[in-house]
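Down below are the structures I want you to see.
In the two complexes that follow, chain A is the common piece, with chain B as its partner first and chain C second.
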Partner chain A sequence: MTEHVQVAETVTPLEDAINRLEARFAGAVRRDDREGYSGVIVDPGKLVEVATFVRDTLGFSYLSSATAVDYLGKSEGDHLEMVYHTYNLQGGPALVLKTQTPRGEATLPSLVGVWPGANFQEREAWDLMGIRFAGHPNLKRILMWEGFHGHPLRKDWREAYYEQDTKPFDSRWPEGHVSRAEEHNPYGKNVTYPAGFTLDDYESQAEKALYEDVPMGVHVTDMATDRVVVSMGPQHPSTHGVFRMVVALDGETIVALEPVMGYLHRNHEKIGERNTFLHNMPFTDRLDYFCSMSNNLGYAVAVEKLLALGKRWDPPTYRAEAIRVLMVELTRILNHLVAIGFLLNDLGAYFTPLMYAIIERELILDFFEAVSGSRMMCNYMRFGGVAYDLPERIQSTAALVNDRVRDFDTMHYLRALINDRLPRAIDQTNDLLTTNEIITNRCIGVGVLTREDAIAYSAAGPVLRASGVPYDVRRAEPYSIYPDLEFDVAVRYHGDIYDRYLIRLDEMRQSIRILKQVLPILEETRGQPFFAGRGGQYNPRIPAGEAYGRAENPKGELGYYVVSDGGQNPWRYHVRSPSFINLTALEQMCKGHKVADVVGILGSIDIVLGEVDR
Partner chain B sequence: MYGSGIVRGLGVTLKHFVNTYLEDIRWGFRRHVPDEAFPLRQGLETRGIFTVEYPDEKIATPERFRFIPFLVVDNYDHPERPGHDWCTSCGICAKACPPQCIWIVRGTNPETGRPVPEPAEFYIDIDICMNCGFCAEFCPFDAIKMDHDYELASYDRTSAHIFNKQRLSKEFRYWQSIAPTRAAEEAQARGGWEHKDVLKQREKEARAQAKASESGS
Partner chain C sequence: MTNSNENFLKELHHPDVPVPEGMQSAVAVTSFGKLIDSIYNWGRRNSIWPMAFGLACCAIEMIATASSRFDQARFGMEVLRASPRQADLMIVSGTVTKKMVVPIVRLYNQMAEPKYVLAMGACAIGGGPFKEGYNVVSGIDKYIPVDVYVPGCPPTPQALLHGLIMMQKKIDGQSFGNRNSMPWYGRGPSEEVPVPVLGPDIVDPRQAYLLRREAAAAISAAEAETASGEADSGV
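Moving on to the complex of A and B:
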């Protein structure tokens, strides 16, 4: 194999792109030479021009993630930094654009004109970091409510029950006298209010702002028009949680739609920055609670990228990677089955398809429970492998009254599940739904997202691929053992609800194909280590630097942007959640359709609010 | 033909309906699934209904199942140290705990004031505990383990949900009963069924004895 490889030094496409960028914008673009960092730092004044050049000429047309970092008190000087990860849809690594602004009057040009997909992400950066985006069409808070005081992700902002900057807290040991946070700190001393604030005069600006902007010329108080504004949710059975859409209707047709989110916001990223690196692992379970295994893998990939910057680092063993792929692909199947079930719930097939999906999910969850110890909050991956090997038997012992005991051989269980049970379940779903006339009538041609829009709006996962873009992180920027496995990237071309349904069936079939290849690997590597390096380290040393680890989650590309300053806690921990960013295109998909279709369109995006609101 | 898709789908539900009754006939229409049939009614072979009628029947949890932690203490009929804590109050669980729900007061000798390897107090706020299992995973003494008892409803969260050392402590025998294979694996790694320190102490004594008998002879 080696003799075919040319020794001549070739410039990688990324290197070439950066060179061209530097040549074109001399003086405004410089390489990020901080240790452990990559990409280029762009002068804010040239940002829009550079972004347009990167998108159109260099071919990095897909904006994966846009996020801000607060470098308060760091050696290079206090500033906020906006980080954009752009990708070529042909595959390959990211071209990372960065731009810096002082913390005081943080203002940057908006990139919504270049990538509409930056819309929500810039609003998030404004909300949580306090960067104003000049030229943003709708720069309002998105996760916090309008009128919230402060920007929670800034390093000098403190939450209500603030105890200490970083975990582990000193009060826990050796003098750990227990106290409840709410007794200790009622209405926290560290809650800040704007000057002159009194509760008596408080009026929610959030609702006011919402109804002032959305109606597009409709006066809510004045009904002398056939346009009405309807607030759907947050307690609506079809919004998959506490999600709300404010819809402007002309008769029954949608003319404008504004998603309102943040009801489940818990500042996951701030918690992540207080935590140590390993502490974050169980927290990632709670993002997309259907796919905790895949969330774990994405975070492990990100931190392993950071670890690889250091000197001593053992990559995960082959068995560990095989187990990871097994878990992640099973997760994909269970997520897609349940997603189809919920989609059908939304379309009115009350619970029958969902319950059939849940039977299969139950069997997969039984396996997860036996392996990792928990059905949904698996917390199974570690940096360098997995927490435990597969057990010999999936068995239980009766501990409670009325306990019923089961005992299966693990590999036998897996073989039966993968070769027989799950393919049958997928076929059954196909029989039950695909040709059903009610479904075809309601789904075909509804909620269309064109190929161009899908790319521009940074859609990911099944939503992107159903619009005719065969982009899959497992192939585009492979991780784990995916390069060794044979599978196709599913793609459909119409971009409507029906194709988003069909592509989930296709992806499940591909997952079965992958799983069938993983089974023999598991047999072969039986008894080999499932963890590389020294076990039992609850606080591994993570070298300073940045890493963007991404994994193809069932719902789309899940990215973790992790910045380490060499300490035991991440300096910045950002989650690029597919559910959140896929919602950017929701209005685009819904415009012109009937109000009843919104429910189906939302169901076809497949969101989980734990991940949207973070 | 228009409508054939709907008929095809209804065929699937009909199949489920019939299968449920076929399985009922097979097990003689017993209201709850009999023990011997349970792996078939809740397993890969199931074709019909898939319901477990909690609380009249419960799915036993697998060995690795993790719920609120408990502290391992020596069996209450242990000959040398009945009910002695395995915990040495090293504080690793408190540091590894992501939501920081573990509070430990390190034990001190009242006479010398120096720390002793056992906790004076040990608290877990189970409202905060996220059942991640890191405490059990990183404990170097196998002294904290994840429990299987998930039925913890109570009437008052302010008083009933902070578990103290007494509430958390369970006999080593209990750990052996809920996780027999893992208890055996850990014992093998330690070199015996006892606590690490006890084994070390015994080894030391045995060596001293051997030395004494050697010099005596």
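Moving on to the complex of A and C:
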């Protein structure tokens, strides 16, 4: 399914790159020969040098993901491992760098100097895994608060409601006893404290740590303007949820900005490692809650990569793949329309443009609801296909006008939507907004992210492509049936808010183009199986190994790094979330602009907090 | 409209006082207290201003409820206010994390009385799918009082509308005659909910005594253990 694309001549193919790495750093770099693993293991002392070589000489200039794995009880050394996935922007598979450190004194060199995009990801690894990064400019907790006890993703760390390491818990299955976890906790809440902790004389560090370097209040500088530190959020109408920024202003100009997140940190990964593989599918719905279908696909791609390592494995059927693409591209249109609506919200057109977007969204959701049973949380894809076939008719009692039950032929509904309704909606958006004076004035030239910065900061999706990098996972490392479909990778070159707005229009048009090709495939394959697994077996045995599956989501590249030890549950389950990593570049985009522009810039990145904080 | 008008009069009307047949749709005889209650509540129930803040996925369905197809404005609730000072209703729409519960309690304290809380979705009610997470609060009612619960993950816009109608019913039931149902007209300021503290884990100041008790128990347990020299720890 995923054959490696032929890469251009200047590019070193993966094998050659690894050979050159080994030759150059003999002794410090060795191949990862564990079964089911790939890439190289680098000596921590040489990590920065190797990374620089990989970036500059080997051409793997894009750091997609950096994350840590705890191999407690899985290796002689019980080490923590940092995993870096680097890509060549011409396309092709990843060069995976790994480096190991003992659990006790976990310290590794920071790669922020090589890839600034590693900044937040290393902070996350420190926060959740407890790896110190020497040379990191700002190594503070990022998702939890300063002062929280322990590093939760370590395998020996237990949450307050801990029952067992992995599901299904003995208490619930097969007997099915249910009890409320609160009742087993002395406080009746989801809390646990270190022994002997009391509130007397306790001083919380959470807020203090935030303002350590940027003292709160007004400071008059030599210039005639005041220096003010403002905390925006987490309850703020323009932060798209519970996002918070600490902004240092000189007059009205931004001199420093620090995103503060974790207000929606729902411990996706810890829960994911207790769950079975299939359990995680509905949880992925709740990452980027506009695009549950796309999240499903990314996870399915990752686990299917793992499955492909084993012997007994049937890849998804063609119909399943076509249905997947249909869902994902509809999601892209839905997301981009809403994203533009929210952007306009931030620019001051309160709610009206969003209303237009939501009308179309409702139509798409009607279809999703008819297919999967739920409007937003579809939980639709499975390893090897999808959960249900398309229904013959779309019937719904939702939103009745005069109590009329809506009833359409599914294909007819889709044809009307794709050939007529959605293209008109896109054109309408274009007509109303693109040349609008307020939009052009507030967007052109604001929040510029240069091509070099976009790559260095690991920006992804529309943000990356609006800065002149035509990188799209659907083409760079194709999955599903994208190789058979005709579409262009949209690209714009100015990297400002306006281009990030335009590129969303471009991408929607490309999605329509894809959808028009998918419709006949659906007609042709009608009646064929939509699931490849044996006997409807949804929960296949996953062979041991690692896989990094990625999908081009509307918000950018969504990656899942999944490590299996051959059991029922993932040993490590990490989500490379585009919203989170795109925020790394936020300060770079905002510096020098006015505070009113920040909300616009934030809107143009298009974040969703479920995915930022996970 | 006339229909609801009639209902309104019918409810207001004192059952013991006869009114001629033809005038029942226009006249109601009632007590002063009931009249004041009904006018006061009628005004309040039809202009509930929710606070504009969304926590997670459920917030998206809340936005969908506010927009054209479901049109929350039919209930006089379309005015979403970003400031807690101007809001009557806090829709807790999504997962409440330990980090977020601090601002939520603060926002709740800042809202002017009379104020209401609607817990939207499984997460706000009891932690939902993420309950076992180390950063998730098992329901907002562990910290602030909740008036209406709307189950679902996410609740459909119809469900939220139903919840909002229940909210209106609750308001209808409040009366000057029963001071307990309108505590904001009591003497003295209303009590604030103590703001949780972000310690090694989230701490509810109301549980400070429990913490002390547990700490003392832990110390005596440790002493007992060293005394007996036996490694025997309960779970």
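Simple rule for what comes next: the second predicted complex is superposed on the first by the 558 of 614 C-alpha atoms of A that agree within 3 Å, B and C clash if a C-alpha of one lies under 4 Å from a C-alpha of the other, contacts with A are read in each partner's own complex, and residues count from 1 in each chain.
Operating definition for what follows: contacts are C-beta pairs under 8 Å (C-beta built on N, C-alpha and C of every residue); 3 or more make two chains touch, one makes a residue touch a chain.
All of these numbers come straight from a predicted model, not from anything done at the bench.
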Contacts of A:236 with chain B and chain C, given as first, second, both or neither: second
First, second, both or neither for A:377, with chain B first and chain C second: both
Which superposed partner A:160 touches (first chain B, second chain C, both, neither): second
Which of chain B and chain C A:528 touches, first, second, both or neither: neither
Touching partner for A:359 - first (chain B), second (chain C), both, neither: both
Contacts of A:282 with chain B and chain C, given as first, second, both or neither: both
Contacts of A:202 with chain B and chain C, given as first, second, both or neither: second
Chain B and chain C footprints on chain A, overlapping residues: 282-283, 359, 362, 377, 398-399
List of chain A residues in touch with chain C within their complex: 143-145, 147-149, 152, 159-161, 163, 181-182, 186-200, 202, 204-207, 234-237, 241-242, 262-268, 270-271, 274, 282-283, 286, 289-290, 351, 354-355, 358-359, 361-362, 375-377, 398-399, 609-610, 613
Residue ranges of chain C in contact with chain A within the complex: 52-57, 59-61, 63-64, 67-70, 82, 94-95, 97-100, 103, 107, 127, 129-138, 142, 153-154, 156, 158, 197-205, 207-208, 210-212, 214-215, 218-219, 222
Chain B residues touching chain A - in the complex, by the definition given at the top: 2-6, 8-9, 11-13, 16, 33, 35, 38-39, 42-44, 46, 50, 52, 55-66, 89, 91-92, 94-98, 100, 102-106, 115, 121, 123, 125, 130-134, 137-138, 140, 146, 148-149, 151, 158, 162, 177-181
Of all residues in chain A, those that touch chain B in their complex: 167-169, 171-178, 180, 275, 278-283, 352, 356, 359, 362-363, 369-374, 377, 379, 387-388, 391-392, 394-408, 413, 416-417, 420-421, 428, 431-440, 536, 538-539
